[in-house]
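In the two complexes that follow, chain A is the common piece, with chain B as its partner first and chain C second.
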Partner chain A sequence: MIIVSYPNIGEYERVVYNFLNRIIDKDKCKILRPVKNSKETLKLGEKVSPNNVCTPFKYTLGTMISSIKRGANVIIQIGGGCRFGYYAQIQEKIIKEDLSYDVLVINLYEGNKLNAINALKKLKILNKKLSVKKVLKELYITLRLLRLVDYITTYIRDNMCYIEDKSKIKVVEKEFLEDILKIDTLGKIKEKRIYYINKINSLIIKREEKLKIGIVGELYSLMDPFSSSYLENDLLEKGYKVKRYTTASYLLLDKNKSEKKLLNKAKGYLKYKIGADGTESVVHTLELIDEGYDGVIHVKPFGCTPEINAMPILKKISNDYSFPIMFYTFDTLNSDTGFQTRIEAFIDMLEMRNKK
Partner chain B sequence: MKYYVGIDIGSISTKGVIIDENNNIVSSEYIWTNASPIEASKELIYRLRRNCNKDVLDNIYGIGTTGSARELIGKIIGANIIKNEITAHAVGTIYKYPDVSTIIEIGGQDSKIIIIRNGVVVDYAMNTLCAAGTGAFLSSQAKRLGIEIDEIEKYYSKSKNPVKIAARCTVFAESDMIHKAQIGTKKEDLIAGLCYAIVENYMNNFMRGRKIEDKIVFQGGVSKNNGVKDAFEKKLNRKVYVDKDSHLLGALGIAIIAKSKKSNKKLTLEFKDLDYKVREKECNGCSNNCEVLYIFENDMLLDTIGNRCENGKE
Partner chain C sequence: MKIGIPNALFIREKIPLYTSFLNYNGIDTVVSSNTTMNTIEDGKEFATSEDCIASKIFMGHIVELVKLYNNGYLDAILVPRIYKGKKNMEGCVKSLALYDILSSIFPDTRFIDVNVDYSQNLSYFKSLINLGVTLGINLKNRFLGAFYALKKQKEFELRLYNEQFEKIDFKNKNILVIGNEYIVRDNYIKKLVTSNLEDKKTNLVYACINNKNNRYKNISDQLYFINASNILNGIEEYIDIVDACLFITGFPCVTDSLVNEMVKKRIKDKPYIEICIDENTSNTGIITRMESFKDIIEGRRYL
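Up next is the complex of A and B:
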């Protein structure tokens, strides 16, 4: 019996589950959903990771090991962009050589690119009868589903500050998260989109001015709540308007189309790309300033080179526009208290500036 | 007359003030935390009460806590405002020095810079990764040299030729110190070098890329050390102000913030003579696995810190 698992990032593992569930041979293969990132999975990953590797490596390796301990024997990993492109290979080495687990690690990316045919060949281990047509069809539905997930979660993020009772929207969010696992046709995607937008709209009482905060930085910390100390959620619950550009559908579907445009928008600050999402951090900060946001929080895991590249440029922008930007670096040993203190002070500062 | 209390529970020292409606300090205290914020606050409140008359104690309309133990102590004594030390320090200093532009703060375990323009905080930074260039480093090095922390100033003023010590990192600074000591450098030159190292470390960390404008106010425990203050003035080539109550400005700030809440509810400033215990546990109520701090008052659960949802309040 093949038991397949994969690393985790935020709630996106539900989409991966949804996809795999539709392509595997259910008689011979089972899916083991990864657990959410937690102190325990982090401990598992940290123990066997190189000390100076960027933090997401430790998170993903931790969830993978946790899945293997619960019985998984095939692990799917992808990666690309920066050092992230070598995650799968190094993690495979650690799992097989250092920990001597007998598992198969499938890396869907090859040399930073997704080669559809090779990827399909690799996926055949999950279902021998898998055809190109079938994969393409299911992949199309999955990408549309991914769009839906980002559309709804962004809509929740945009409107949460207008909703008085935050527990009500949490209920809707929970219902939606359960739905992600089940949606399997394009029709249902359409139907659910209307259903959830209406449901969220019905909760909105009054649209009034709120403190507006943008979040930019490294993709994993942004999209996985645990690895950024639930920053986004905390801000939302306190009733601020929060904007984040980085979503999975942006990275997978929109990013490549817009590279030239991005550099154009960063004119005066960047002449060429600075790797992974560093360029985005700069451009999005400029956009947030244009849109009248009150401040930006830049988050990155320890050792993230592209974002380190972005930091001095962001500092310059902060000086030029006298625009508040807070920088925060996460590592595996950060205490929540120190972080809370800084966030609180940052928001106090924004409110003080607004009053004057 | 209404009165307001501000308590600043730092890692090294615990400070408290009681102010009246016009922000005049009617009672203030400053004691060591000794790694036991609960005991220190108890003692502090006892002393604050002892200093004032009944009229003050009967007319308290706001209690605020700040500093690294603000949540814990705030919940135990029933504070009506709990705020971070950065805001508290800014508010306290702006009240005392309305024209302040730069606040240099070096405390026991952390250091920060707060940039103010026209009475509004526009930028701040706080050390994130290590304790190099804080009071803790200064006191550990003083101990190594076999002198008391308050003697630093005396040695500093004697020095004619301060040694150069690597300021980047505590560990390197220490090995520099050992080396310099072993080649026979005078103690006063070592100590003066140490003061300069703190200042250089601070300037490297916080002042690079920032416009430092007058007026500069220096506070936090280390500001009481004239050696470091003098080193700052020499390095910056500007006058650096140190308030006579520089150690109390955080407490003053939080008291002013408590006042600004304009609450009409009377509060009692007291630390009940009960047994307080704290237990830390990872909550397994949901997949967030928050680390929750449970505060017990005589074995009864008083409050929790750190839980993100109701599940944590077992």
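Up next is the complex of A and C:
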């Protein structure tokens, strides 16, 4: 029996589960959902990772090892851009040679590029009868589902500050997350979109002025709550308006289309792309300033060069517009208390600026 | 006209290319001096605290050139950028942003960018032609200068390779130094680390100087970093003729961190040592480690 698993990134693992569930041969293959990132999974990954490697490598390796310990014998790794594209080969070596696990690691990317034909051939291990037509059809539904997930979660993020009883929106969010696993047709995607938007709207009391904070930075820290010490949830629960641009659908579907536009928007600060999401961090900060946001928090894992590249440029923007930007680096030795203190001080400063 | 060229990062390897092109067209060049402790101190002041040691050294070289620019000795500073190489290989992520970072930090200094991006058909040759356009060099001289510069660069690389190959003597201990050229052959880091190994019976072989035979795929078939693939080519070429390996990495280079993991699995039967350098590395600690490493290599010869 094939037991397939994959690394975790926020709630997007539910979308991956949904896709795999529709393409596998259910008689011969089972899906093992990865556990959420936690201190335990991080410890598993950290122990066997190279010292100076970026933190997402340790997170993803940790969830992979955790899945193998729970019985998985096939691991799918997808990654591209910056050093993500090279993760799979090293992780495979560590799992097989250092930890001596007998598992198959499928890397859908080859040398930082997705080769669709080879990826399909590799996926055939999950279902021998898998056809190109079937994969394309299911992939289309999955991409639409991904759009729905990002649409609803962004809608929740945008409106949470206008909802008095946060527990009610949490219930709606939980119901939606459960639904992600079950949606399998385009019709259901449309239906759920209207259903959840109405449900969220019914909870909104009054749209009044709130402190507005933008979050920019590295994709993994932004999309996986544990790896950024639940920064986003924390700010939302405290009643602030929070904006984040980076989502999976943006990265997979929109990013390549908008690269030239991005550099145009960053005119005066950037002439070239500065690697991975560094360009976005600069452009989105400029957009947040235009939209009247009160401050920006820039997050990244330790050693993330594209975001380190963005930092001097963000500092210049901060000086030019006298706009507050806080930089925070996450690594494996994070202290939640130290982080909370810095966030509180930053918010106090923003509130004092607003009063002035 | 006088143009400054920083003697740091990936630019070090290509200095003959840029100086030959500019000198051919009657433009004087000033290459920043060798790295010292002061260079790093100057660099630290302007670099981001989390930058790698190589970037801090680079920033120190830029500070030296900016001082010359402010005193009127220079008219501009050259900042090359390597985005994509042949077959979609990628340059160091730091190199992508150097021009924009420097323009932000030193807004009153004139920086000239040279972009190498094979995905947009911008080879080294075309990037030199574009540099010629920026500097107002006429069409004929642009082409002749670019051909001359590429020839000089090739000659320089061949000379380095031949010199290294002639030095290899099987009666002595040969140690393979693994790391980026701008780290392992930088003056300051050489003094800090490799000078402790050098004596009459020890010969250092640099993996970054090799015959570019594209054998890196034997170690890692999915590698897409230009510098790392060059180092792996060198490892494949020299690994069977050396006695030991010395890894020198700059803190916190993630690419090196990933690639070294692959390399260690390739060189299982040779003794190796990994030295990670940052701006606070102490000389004493390094000397102790180097001495014990030498003892290990010496001991193995009698086994």
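Everything below uses one rule, namely that the second predicted complex is superposed on the first by the 356 of 356 C-alpha atoms of A that agree within 3 Å, B and C clash if a C-alpha of one lies under 4 Å from a C-alpha of the other, contacts with A are read in each partner's own complex, and residues count from 1 in each chain.
By our rule, contacts are C-beta pairs under 8 Å (C-beta built on N, C-alpha and C of every residue); 3 or more make two chains touch, one makes a residue touch a chain.
These numbers come from a predicted model, not from an experiment.
Participant: Chain A superposed: clash or fit between chain B and chain C?
Facilitator: Here chain B and chain C can both sit on chain A without a clash.
Participant: Looking at chain A, which partner touches more of its residues: chain C or chain B?
Facilitator: Counted on chain A, the partner with more touching residues turns out to be C.
Participant: Could you say whether A:313 touches chain B, chain C, both of them, or neither, answering first, second, both or neither?
Facilitator: Touch status of A:313: second partner only.
Participant: Just checking: does A:356 make contact with chain B only, chain C only, both, or neither of them? Give me first, second, both or neither.
Facilitator: In the superposition, A:356 touches chain B alone.
Participant: With both complexes superposed on chain A, which partner does A:274 reach: first (chain B), second (chain C), both or neither?
Facilitator: In the superposed model, A:274 contacts chain C only, not chain B.
Participant: After superposition on the shared chain, which partner residues are touched by A:329: those of chain B (first), chain C (second), both, or neither?
Facilitator: It touches chain B and chain C both.
Participant: In the overlaid three-chain picture, which partner chain does A:257 touch, first (chain B) or second (chain C), both, or neither?
Facilitator: It touches nothing on chain B or chain C.
Participant: Once the shared chain is lined up, is A:26 touching chain B (first), chain C (second), both, or neither of them?
Facilitator: neither
Participant: Considering only touches as defined above, state whether A:348 meets chain B (first), chain C (second), both or neither.
Facilitator: After superposing on A, A:348 lies in contact with chain B but is clear of chain C.
Participant: With chain A at the apex, figure out the C-alpha centre angle toward chain B and chain C and round it to a multiple of 10 degrees.
Facilitator: Between the chain B and chain C centres, as viewed from chain A, the angle is 80 degrees.
Participant: Quick one: classify A:128 as touching chain B (first), chain C (second), both or neither.
Facilitator: Neither partner.
Participant: Chain B and chain C, closest CA-CA distance after overlay, in Å?
Facilitator: Nearest C-alpha pair, chain B versus chain C: 5 Å apart.
Participant: Which residues form the common part of the chain A surface touched by chain B and by chain C?
Facilitator: Overlap of chain B and chain C footprints on chain A: residues 315, 329.
Participant: Of all residues in chain A, which touch chain C in the complex?
Facilitator: By the definition above, chain A touches chain C via 50-54, 57, 82-83, 85-90, 93-94, 97, 107, 110-113, 269-276, 278, 302-303, 305-306, 308-313, 315-316, 329.
Participant: Going by the contact rule set out above, which residues of chain C touch chain A in the complex?
Facilitator: 48, 50-52, 81, 83, 88, 90, 92-94, 96-97, 99-101, 103-105, 113, 115, 220-225, 249, 251-258, 260-262, 265, 276
Participant: Residue numbers of chain A touching chain B in their complex, please.
Facilitator: My answer: residues 35-36, 38-40, 226, 230, 233-234, 315, 318-319, 322, 324, 328-329, 336-338, 340-342, 344-346, 348-349, 352-353, 356.
Participant: Report the residues of chain B in contact with chain A in the complex, numbered from low to high.
Facilitator: It is residues 68, 71, 83-87, 118-124, 126, 128-129, 209, 282, 287-289, 291, 306, 308 of chain B that touch chain A.
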